[in-house]
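We just call them A, B and C in the order they show up, numbering each chain from 1.
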Amino acid sequence: MHTRYLWIPLLIVTIAIPLGFYYVDWSKSGEGAGLYSRDWLPQAIFAYWNPDDFYESVKSVKGEFSGEQCVDCHQGVTPGIVNDWRKSRHSKPVNDQAVVYCSDCHGNNHDDLHLPTPGVCAACHAVQHEQFVDEKRYGFPSHSLAMERALDAKHFVDKPKAEVTACLQCHSVASKCDSCHSRHRFSAAEARRPEACITCHSGPPHPDDETYFHSKHGQLYLQEGKNWDWSKPLKKGNYPVPTCAYCHMDNGKHQVADKSIWGFGIKQVNPMSSGNEVKRNQWIKLCSDCHDPDWASGQLKQLDAERKQSWQKLYQAESILKGLRSDDMLSPSAAQRPPYPGDVPGDFMQRERIGFFEGQASAFYNVSPIERDYFEMWYFNNLKSYKGAAHGDVSFVNEGQVAMDSSLEKITQNAERLRQLAEAGKAIQDTSRKGKTDKGDNILQEIWLRGEYTEYNRDHN
Amino acid sequence: MHTRYLWIPLLIVTIAIPLGFYYVDWSKSGEGAGLYSRDWLPQAIFAYWNPDDFYESVKSVKGEFSGEQCVDCHQGVTPGIVNDWRKSRHSKPVNDQAVVYCSDCHGNNHDDLHLPTPGVCAACHAVQHEQFVDEKRYGFPSHSLAMERALDAKHFVDKPKAEVTACLQCHSVASKCDSCHSRHRFSAAEARRPEACITCHSGPPHPDDETYFHSKHGQLYLQEGKNWDWSKPLKKGNYPVPTCAYCHMDNGKHQVADKSIWGFGIKQVNPMSSGNEVKRNQWIKLCSDCHDPDWASGQLKQLDAERKQSWQKLYQAESILKGLRSDDMLSPSAAQRPPYPGDVPGDFMQRERIGFFEGQASAFYNVSPIERDYFEMWYFNNLKSYKGAAHGDVSFVNEGQVAMDSSLEKITQNAERLRQLAEAGKAIQDTSRKGKTDKGDNILQEIWLRGEYTEYNRDHN
Amino acid sequence: MHTRYLWIPLLIVTIAIPLGFYYVDWSKSGEGAGLYSRDWLPQAIFAYWNPDDFYESVKSVKGEFSGEQCVDCHQGVTPGIVNDWRKSRHSKPVNDQAVVYCSDCHGNNHDDLHLPTPGVCAACHAVQHEQFVDEKRYGFPSHSLAMERALDAKHFVDKPKAEVTACLQCHSVASKCDSCHSRHRFSAAEARRPEACITCHSGPPHPDDETYFHSKHGQLYLQEGKNWDWSKPLKKGNYPVPTCAYCHMDNGKHQVADKSIWGFGIKQVNPMSSGNEVKRNQWIKLCSDCHDPDWASGQLKQLDAERKQSWQKLYQAESILKGLRSDDMLSPSAAQRPPYPGDVPGDFMQRERIGFFEGQASAFYNVSPIERDYFEMWYFNNLKSYKGAAHGDVSFVNEGQVAMDSSLEKITQNAERLRQLAEAGKAIQDTSRKGKTDKGDNILQEIWLRGEYTEYNRDHN
């Protein structure tokens, strides 16, 4: 290209970049929240999970009140939470610290109360807050990115609001500290115990609850944990067995992301990369608080082998799906589905995304049945096995592997059936094929193809 | 119609009504129990669950004994239960109350002992018994109707006795107070704790166990509950977090039915009816023991949305099934199945019942595969989501919704397949169709159509 | 046969028997472990589960040390385990017993440490060890046979090592006492509590965890267990409700096999055989520590009925599979699969094994999809119901029965489909059939038929 034409791309870029920024700003400035704020309004309860954007103060009582007045009145109105506060260090500070009253976090004006976000807690707990925010450097999954990544995902806009609401309750961990230090004790001792994590960390995609409590560590905690001194910091020699926080937040560090090797099990990683070698040594050192370093190293190798084995199975399934895609046998195809908000409608740019690296994570909703089977295999069965291996619950490794075998079998059978039907359709001529299209497909179309379901959700979101 | 012929319907009614009563009486007077007592004899263990009808005293020891004598002897024979009794208020009454000995509930004659039913307990605990019985006004589901509604259900007669026995263990809550106040402590403190409810309230159709313990309430109970003073009544300020009983039996009321809005999740209701408005305010008041009323109201709205979403999916599945029914594609059809006891045999009056309002609840056994898939979607997946939303366990909302999506997909695929097979059968003529009937159908017939399986159960029930 | 030819079989036997012994010896003398030691090398972590064969001492520290020196140094290196030991009876022996130091079990030479196997513990705990080893008389399932039976199973060689490793963690119960008496407290009190068993006894094929804790026994343990005196022996009157060990190891007997009636639920047995009559009386006597003997007998009968019902369903499924086998419709068939190690390759001697009595247990891996469905029905669903009935968790009986119904339906449908496809294939001629072979079968072949997957595992095991 002649340099004299360089002004053309330069001009385009000069226009396109500000336009892009302008579009994102415009998109975020709707009534809802996140990148698709113009397509999405939350349910009422969400105000308590993302108070900065949506909380509106109760107006039942007027006036400004001192902290002592709050306590006096609420002792009668909501005695339980006042009792909690009385047991907290906020009400009984040590040394020369001041009492932290209700009003210090919620404000004095009862007409304009606010719910405390992490920034409010940071006024006193700066180190913890800084560590918490530091997680953002490591990408998702992450506590501190949990809310914004959720709100910016396309499928959060398309899914029925009732379902998305269920997701957001846990994702609110980014917006409030009482997910782990529950109100109004805000106890460090509480957060050291596994129960603090489990409200969110249970169920198919992250069975941390199930796998920890099935492990020997968990069983010893259940037997003896009530007698341990939970006021002690999470350090070598202080606890007979580890809890979630002992390993993942050792020494109380509020940044949980930097020791992560296998990426939450959702993508394949090279566990022996130079970066991961450093992390492996961190883990071996941690396990060596109680175990032989060789034991710890053996456990890591076992986890490497489990991951490798799981990804072999997952890639087999992916490969079957990619074969179907290249033969145009996925139905509904990406082009047949209603486009995500922001996508160009019609065939242009619509493409099946299969597997993690193509981004199926955001496409598990509103896809063809066989893709959903793969999603289940990847997001539920695979992670069952991973968490089992990571937390020492071998029954979950077996369950996960057996479930992956079943999924792979289902995918194989259904792929075969899709091909057989296509051939049988050709063999017995177009007559019956037409019939099929009219009846069988209609059932599917009612649900997916015409997008009525999605349209409904979008109208009501 | 001329009034002079009025005597004809009058005569018929005059004869029919007594005949009907006579028939029900006759039907109930068999060796078994319930409306189908002539078709159904329970297993031995059932005597302990429905003692009024079936318990026969042990005959190992003869003679009449005083309460003290019972205790002296059983201290050696069954020391555990005597130890329990010694810890109970029955053995250490307060004020001027008399000791309640073994004989006060079981009788003095060792040759004719009886097991105490709620009526026996009512002699001292009249208020609680009255509240318990008052539940009957609200219909099923209900503790006090649990046994009779089970015994009067047609499918309880048809199902293998081994399976029905499993149902009846929990349904015995209507016949004995020690389902919650376990013998021989009969402790109120025990029944205030969630474990008292969980022996029955766990598993797919009512995962109250799973959802409560995954909630923040449940996790705090697990951490701290052992230190709370369980002798306190279930009132505002007495407990840091609620338990099952705190919310559903507030102030210790033994009538659990009158605050129920969503009907256990098994049917669609209008949550904003005037009756439900009253109940909503009761709930908001209850939640306000600790929470902002706006928070409570937001949670109820979230549950409304979850219910609406779930019923959208359920109605889609129902609609597919109704389409198959109207095209005569359900196999076995109602007419092909052995009739329920009391039903007229053959084609007459046999009709598929699809979904809750048509009464599928009692038909989930002995149905065509696709109807069973719907049952699973409605009774297991739907209730998983409902209980998750009701108890604050969002992971169960997600699991339930994902499972409903899978079920809907399975139902859609199988409906499509049934239609394709029908068309393919026409296309490739009767020759291969006949082959199909001879082989494929035979397999089905062995299991369902000829009713051998059902006949066997009925003969052995 | 003329007796003068008797020398021929005699000669053959004389040669064959030593040859057989020689072959087994040779097969066991490979680098790995068990009967297929030449085909199988374990992962590193396995050294800790089968130390006799694989553990190699850490070499980090040189020299010989006294017990006191071990303690002094490890107080700093691994304080947690030293704290555990300090709480154990090993460090605070009663009467005139000597302190049991680290070196008494691990050796003094830090260059040649060993991990203690049951034989090491037997030096002091001879009675318990003798009872433990006595289990071998009763066959598998068994604690003391757990490791050798696993290592000698053909499918342990063929399955991916990552999966087998998960199995072996629990099967190591045969090689080390700290599966139940966890290091370094080695507490009897710990092993009396259910948590000691649950690390292994949970999950689909043996949901002892789930079923015990859903039972009234389990719920009362959860409520009150923390206040019981666990130093007491497992005898009548010492505990308000039983735990796993109270019933299965009554009076602390370390032989768990001799009271087993229903064979772990994996095979059908006659529960009224003379041998089982004796066992039934043992159970009734045990239950009578707290319950009426009639109650206990009723529970056993309920379990008989549950078993009978489950086997009816299982035999229906077996019968469908045997029908497919006799019509040569299982694909891949036994002959098409890669032979197990030690088997003669090719068609000779290859035969489908269907159901427990034909030995499917060792064949659930690498089988046709419909056989796998049967395996799931038999090994997961059936055992769910069995354990539910055995431990008093009726929700699991229902879940298991419903799941068996679903499996049976799936097997029936898929068998029908296999037959329909075969007939449709004939009807629409060989043309489309060929297409099917080229495409559909290829997918399957990639996974099973050519054995690449199995070959890979075998090369890397």
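We take it that a contact is a pair of C-beta atoms (placed from the backbone, for glycine too) under 8 Å apart; a residue touches a chain by one contact, two chains touch by 3 or more.
Source: prediction; values computed, not measured.
Student: Give a one-word verdict, same or different, on whether subunit A and subunit B use largely identical residue numbers at their interface, taking over half shared as same.
Tutor: Comparing the two copies, subunit A and subunit B contact each other through largely different residue numbers, since under half are shared.
Student: To the nearest 5 degrees, please report the angle of the rotation taking subunit B's Cα atoms onto subunit C.
Tutor: The superposition gives an angle of 120 degrees.
Student: Would you mind pulling out the distance in Å between where the CA atoms of subunit A average out and where those of subunit B do?
Tutor: The computed centroid separation for subunit A versus subunit B comes out at 35 Å.
Student: Could you tell me which residues belong to subunit B and also touch two or more other chains?
Tutor: In subunit B, 226, 424, 428 touch at least two other chains.
Student: Could you please specify the touching residues of subunit C with respect to subunit A in the complex?
Tutor: 43-48, 58, 60, 78-81, 83-84, 160-163, 165-167, 169-170, 182, 190, 193, 195-196, 198-200, 202-204, 209, 226, 369, 372, 376, 421, 424, 428-429, 431-432, 435-436, 439-440, 443-444, 446-447
Student: Give every residue of subunit C touching subunit B within the complex, in rising order.
Tutor: That would be residues 214-216, 219-220, 222-223, 226, 236-237, 239-241, 288-295, 297-299, 301-302, 305-306, 308-310, 312, 316, 320, 323, 388-389, 392-399, 401-402, 405-406, 408-409, 412-413, 415-416, 419-420, 423-424, 426-428 of subunit C.
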